[in-house]
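Going in written order, the chains are labelled A, B, C and D, and every chain counts its residues from 1.
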Amino acid sequence: MNPANYLYLAALLFTIGAAGVLIRRNAIVVFMCVELMLNACNLAFVTFSRLHGNLDGQVIAFFTMVVAAAEVVVGLAIIVSIYRTRHSASVDDANLMKL
Amino acid sequence: MSFPLLTATAALPAVGAIATAAVPAARRVAAKYTALAFSLGTLVLAIIAMVRFDPGGARYQLTESHTWVKNFGLHYDLGVDGIAVVMVALTALLIPFVMLAGWHDADPLEGPDPNRRWRPTQGFFALILLVEAMVVLSFEATDVFLFYIFFEAMLIPMYFLIGGFGDRAHPGGEEEAARQRSYAAVKFLLYNLVGGLIMLAAIIGLYAATARQLGTGTFSLQQILDARASGQFKLGTDTERWLFLGFFFAFAVKAPLWPLHTWLPNAMGEATSPVAVLITAVVDKVGTFAMLRFCLQLFPEASKWATPVILVLALISIIYGALLAVGQRDIKRLIAYASVSHFGFIILGIFAMTSQGESGATLYMVNHGISTAALMLVAGFLITRRGSRIIADFGGVQKVAPVLAGTFMIGGLATLSLPGLAPFVSEFLVLVGTFSRYPVLGIIATLGIVLAALYVLVLYQRTMTGPVKAGIEGMADLKVREVVVVAPLIALLLFLGVYPKPVADIVNPSVKHTLSDVHKTDPKPALEAKK
Amino acid sequence: MSAALHTGPAVHSMWTSAASTTDRFPTPHIEYAQLSPVLIVFGVAMVGVLAEAFVPRRSRYTAQVVLAIVGLAAAFAAVVALAEKGYGTTKAHIAAMGAVAVDGPALFLQGTILLVALVAVFTFAERRLDPMAHGQHVDSFAAQGSAVPGGDQEKAAVRAGFTTTEVFPLLLFAVGGMLIFPAANDLLTLFVALEVFSLPLYILCALARRNRLMSQEAAVKYFLLGAFSSAFLLFGIALLYGYAGSVSYSGISSVIDGTAKITPALADTTGNDALLLIGIAMVTVGLLFKVGAVPFHMWTPDVYQGAPTPVTGFMAAATKVAAFGALLRLLYVVLPGMRWDWRPVMWGVAIATMIAGAVIAVTQTDVKRLLAYSSVAHAGFILAGVIATDKDGVSSVLFYLAAYSFVTLGAFAVVTLVRDAGGEATHLSRWAGLGRRSPLVAAVFAVFLLAFAGIPLTSGFAGKFAVFKAAAQGGAMPLVIVGVISSAIAAFFYIRVIVLMFFSEPKADGPSVAVPSPLTSTAIAVGVAVTLVLGLAPQYFLDLADKAGVFVR
Amino acid sequence: METLIGLLVAAPLLGAGVLLTGGRRFDRTGHLLGTLFALLSFVFGMVLFVNMLGKNADDRALHSHLFTWVPVEGFQAQVGFQLDQLSMTFVLLITGVGTLIHIYSIGYMEHDERRRRFFGYLNLFLAAMLLLVLADNYLLLYAGWEGVGLASYLLIGFWQHKPSAATAAKKAFLVNRVGDMGLSIGIMLMFTTFGSFAFSNVLPRAAQAAGTQHATITGIGFMLLLAACGKSAQVPLQSWLGDAMEGPTPVSALIHAATMVTAGVYLIVRSGAIFNAAPDAQTAVVTVGAVTLLFGAIVGCAKDDIKKALAGSTMSQIGYMIMAAGLGPIGYVFAIMHLVTHGFFKAGLFLGAGSVMHGMNDEVDMRRYGGLRKFMPITFVTFGLGYLAIIGFPGLSGFFSKDKIIEAAYAKGGTEGWILGSAALLGAAITAFYMTRVMLMTFFGEKRWVPDAEGHEPHPHESPKSMTVPMIILAFGSVFAGGLFSINSSFVKWLEPVTGHSEGNSPVSTGTVTAATMVCLVIGVGIAWLMYGRRSVPAVAPRGSLVTRAARRDLLQDDFNHVVLVRGGEHLTRSLVYLDHSLVDGVVNGSAASVGGLSGRLRRLQNGYVRSYAVSMLGGTAVVVAATLLMRAV
């Protein structure tokens, strides 16, 4: 299979993720979209790793997963605490500070 | 190493500022005397510097040179030529009078002050000393960047002086006074800061140019001029013009030149009279001085290139300032516009590029400093007594306070350049110097002397003559402290009006140097002078 | 994508053969001594975590503060020792298998970050400002981060005298990440370091004692946008990796320069400039986000406003230092060969940042937001220095960062002092007449504002002059002029605050200035001292920055 | 002797200094001190005069260099004096008449609480006026020139509590400033032409310069004329003189009749060499003189205020002098001669008027006088002699000097000569008319006195000795000076070495001129007698013809000034004040406001929604990516 296709897929996933961040209101979903973007990156890394024939990309993908996991921990903590305060996870409700 | 006299002249007031600020809150009077003592000490040093200056000697004397920030090409280079030493002396001379005149300006209002730690009196005098130190340094600096630093830094204490200690006599009441005052202070600062920042761009440009051509960037005037003389350094025509404009803009704001003048009436109107004197007689002089020192020396070709426009602007300043002075309702704003007119003369003289013009402009700076100080300080005494600065609130003061009226008149006569008083000499020199190169401009500028008579006499007539107005009846005449302020200034005006030679002799050689910088010679008379 | 990737069998054979020659992992070789600053900080952070678990509640605060201070001081000492040994200059090299550079800029910035963090610890530890709660001194942080604001759980926590002493380890973790960030010598390290310092900051943002809603909102905004930006960064990294087949800086730059050994795969991917260009753009965007450059700045005001003020101060100062360090290294080490591509773009970003930051700040009414926009404008000025692309550019940016970070830290520390019943009084109108009530505090704040405004004799001026000078020498005179104009606009709002403090009559119900403990006083004093010293006698530090201004490759 | 010249100026200057700064301790003795200093100056003058008489006619000039005033490259202004016959004449006139008027003022100002200050100002005036006539260069002359202007300003406005006095003073100074502008431009022209402005450098080379620099020399001439117009109240700068009568009467006598106003004549005669080389300028001078002599005379006819009538007369008489001076070497001597005789009789007339006012509760309206000759015999006689002198009654001073001028005017030759001569003759007739009118209305006819504003009935009485003695002395001068000067052409010989002199070629014989003058005189006196002597004088002025009404308003010249200059100026300044605020300041404020507006708009982008921030980031990334790619494409 042509490696370019994996890259196309990665780009597509990335775009979907980015679009999701812009469109979705629920903080959790927004965050999931970010995760999607990270995974798109992972796909790209692995593809390139294969392409270049070195392992760097694959290692990086592992790192990314770890980082993403850490992000989940922190992110969920924050989102949950704000949810408990406001009873809403909508990012549009977090609008105290502006201008 | 010899005693660093020039540093001392600047350091003394700076130390004085700290000492004054450190005086405890309750000891207001002690703070005042501390400040006064330091300012007098500075005056002594300035006089020593003037005496030690040898007009026939090197161009820059009493020089000190140290590298300050190598990476910026910044040197702590001090030195005075005839013009600078005179300006330093003027500054040192005026400060004690400014302090004496403002002796009670920063006293806290009656009643226990809820803000115990607020020490306005200490602050006022310390700030004045700080301004003095910075002004002196900017006159003494022979490093462009060093000059710039103090040129810019002095805005801050000035700003606090204007905004923090404004004139309590405001037609619109306390609240309005505070509003106007901070508006004036901000306007002062912003105008000058914008000017300064544009100059900063030019300064950086100059550094880039020197760095490119000399290997290391430098701001030392001496190094730059030497390099130029030896052909190592030459600014391209366009670069020189841009840099000139950057510098000139800053100086024109400070001076101020039409149409950049509008901050001055606000600032002088809202500040207390002594501070107004500080602005117009001392701080603004740095602008015109810098035109002479930096614009002409660093960018001679560009200066010549820009001359026509600058002369026209100066001319507009003269006429426009005078006309606006005529139209003012407020004594201090009137004096401010009169100053705009006078600064027009100074700039006219500088850019006429003749011996008479340059010498005249330099003397003008000195004389205008003294005469405006006299006029403005007396106006301040007047305003404090009446609690108003609107001309229409006065009338018949002459009847109740003849000495005050008399000193006011002399200040006014100096402002309108009556022969026998110092400003006449300089104004005539400027006119002659301008006329000999640009007859038409000279003639138009002469109109300024008619208009000067108009605004001074109208002011005098409305305030001092006629029947005694309500609110004037019990007005006290000048007190001893006030006489001590005004009398020496008047004496000086008379002395320099009759015998300006001591000052002129110091200034002349420097003027010659400056003219040779711009490669200009005086126009020859149509017929050779008879031997 | 590259047309070269579509070439059928040839590619396939390359594909398989490449797979067969995969490297083995070499045994790691770590220069512990040279990484000691980072290791110390992380080690102490770990100890801090353990302390949370084992030290009794009442002595935790003391233990954590001492730990943090000792740890940071030790790390700083290590940095100094390294610099003394010449690792900043002659012995500069790349450590940890090419992951981390030990060179001048890295050490300089690490030193700066450590000092900033040390001072920040003082402000974190301040417990005299807030009124006592149930007989206990409290700091700026929530009693219990997880508790619902105003809920029973929180009340109970306050009554029990809980404090979030975890902030100190969090701070240390963040500092550790920041130490690595500007030293990172491959893109993976860069990314990991970014996350390591970002994640603790997200949490710190959420921990304000007062205005918890705003604090949480700040955290969520910062977190989502931060994660969003790191996705861009990561994708950029992926593309660069795809282009060069390596994530190490030297590897990428040698590919760009054409000095690398060309494998068939490389020949293929390097034929595709789009990979490189888009990769550069996205990595840069990731860093510009952290820097707070327009149009990636929009998180700054909200986060600065919502976060606990000590955190804001630390974040504003240290993040900027770290992020600019990383940006510098990226642009100077990886992409110098590409400068004709990135410079015009950076020009645009710098101009937009300077002007937008200054202009928007003009109408701000909250001190913290004002300072946030001011930090945006300053990011623009620093970018002007970054663009210079020469040694002067590096050293001027280093100097600017050092100068700026202490001014910022000091300014935010002053903000913590001005309080009323609702906590910090950050609305500007509340600051009216402060100069009359507390001349000293107002004067100190005025000094910081003047430094921000770049008035001569303050560090702000020296820094601004240095970067503008570098920019001008680098041929970016127009940038200098834009910079000067936006400085003038910026001056307006700094002055407005000064006017407010000194020339307005104090309001009767105006805020009072809390008397801080020696901790905050020290922090502010250090800020003032650095501001004045760098303003009056910057030569030593300029030399230092100059010596440190060379990247190892 | 040279030092004495300096002392001449220094004495009154010292007096002024002492009196003005000495404070109240001199209140008692101030007037005496002031008079003493004036007298001292006169004595110095006399000593110098005697000394000068003892010398050869061509060798009489004294020079005294004191110090360098303004030492600037190429511009070396000196303080130096030059005492020649011309200056000497003025010195004697100034110090002589000056001393008399000081003495007069002792009585006149007796009840004024600010008498000390008055004497201080008078002394200041003497010093400045002496400086003016003794200066050996134009710049120093200019200093004196402005100095007398200042003294005049201070003295006109001496009664500052009267708004009219303050306004008049200001007006005088301002109008004079316009003239001064001329003088300063003249000096600048000299400087650029000759490289100097010393008499010794400029004047001898004027003729030579006329060859190559004709236009410049003419320009200098015009500028000097402008200066003279201002100081000597010549058309078009005459308007201040009438108002200047607001000052105390001794001031009017000394400054606005005898000395200061004649400074313009001095300037023109002193600069004779320049005018000789610039015929166009000369034409302008005679035109101004002729116009003013008629203008002043007409105005003098219409005024009911005794001092203003005399002021009109002064204007007119100086018009004679200026005209004479414009005639060139034929006229210089006679201009000065008329100046001196005029100094005597006009000062006498003013002092007489002052004496009348002194006796009449400071009433100045002649319609409220009448029949005063019985109450003030000395005043009547001295005033009468002055009157006869001014109308040119044969044998008295004015007869000699005025006749010479009329002759000289005819001697100018050609149409010009005829016009000038006839104008002068007509002026003589009108002079006779208005002076007879003054005489009749004041001293003859029935009493028309009314109580003053406070209801005090006037009790006319003769003035004290200190006032009458100076009047008598001046009357002697009015009677004999002209004759004395004419015997053996002594005055012509005295001045000739300085001014040069040439007898013109008059187309009309001396006899004819004298006869014509006599006829004019008789006509003038006759008409006046018909109008004011035979008929009783109405206490309220009749409406009068258009011309009369115009003349009362100074021939509308003041109204013109008011409308064009004052009103126009007010509008100009007001609109400039507005412009300064709205335009010059407005541009700056406007740009500040637009930054603020932009700020407000940009600020709205920061709407608080995370997602819109993300949009901005994504958009930014897109732009950055696109720009990076584009850079490569370009």
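Of note:
As a working rule, a contact is a pair of C-beta atoms (placed from the backbone, for glycine too) under 8 Å apart; a residue touches a chain by one contact, two chains touch by 3 or more.
A quick map from chain label to UniProt name: A = NADH-quinone oxidoreductase subunit K; B = NADH dehydrogenase subunit M; C = NADH-quinone oxidoreductase subunit N; D = NADH-quinone oxidoreductase subunit L.
What you are looking at is a predicted structure, and each value in this text was computed from that prediction instead of being measured.
Ranked by how close its mean Cα position lies to the mean of all protein Cα atoms, the top chain is B. Remark: among chain pairs A-C and A-D, A-C carries the greater number of C-beta contacts. Across the assembly, the mean Cα position most removed from that of chain D is the one of A. Chain A and chain C, compared by their mean Cα positions, are separated by 23 Å. Our note on geometry: chain A versus chain D, Cα centroid distance of 96 Å, whole angstroms. The mean-CA centres of chain C and chain D are about 80 angstrom from one another, to the nearest whole unit.
Averaged C-alpha coordinates put the centre of chain A at 64 Å from the centre of chain B (NADH dehydrogenase subunit M). Among the residues of chain D, those touching two or more other chains are numbered 592, 603, 606, 608, 610, 614.
Within chain B (NADH dehydrogenase subunit M), the positions touching two or more other chains are listed as 190.
Listed for chain C are residues 220-221, 224, 228, 301-302, 492, each touching two or more other chains. Of all possible chain pairs, those that touch are A-C, A-D, B-C, B-D, C-D. Residues 435-440, 450, 453, 455-457, 461-462, 465-466, 468-469, 472-473, 477, 480-481, 484-485, 487-488, 491-492, 495-496, 498-499, 502-506, 537-539, 542-543, 546 of chain C are the ones touching chain B (NADH dehydrogenase subunit M) in the complex. Interface residues of chain C, counted against chain D in their complex, comprise 220-221, 224-225, 228-229, 232, 273-274, 277-278, 280-282, 284-285, 288-289, 294-296, 298-299, 301-302, 340-342, 344-345, 348-349, 356, 359-364, 489, 492.
Interface of chain A with chain D (complex): residues 18, 21-23, 25, 30, 91-92, 94-99. By the touch criterion stated above, chain D contacts chain C in their complex at residues 592, 595-596, 598-600, 602-603, 605-606, 608, 610, 612-614, 616-617, 619-621, 623-625, 627-629, 631-632. Residues 2-4, 7-8, 10, 14, 17-18, 21, 27, 30-31, 34, 37-38, 40-41, 44-45, 47-57, 59-60, 63-64, 67, 70-71, 74-75, 77-79, 81-82, 84-86, 91, 94-98 of chain A are the ones touching chain C in the complex.
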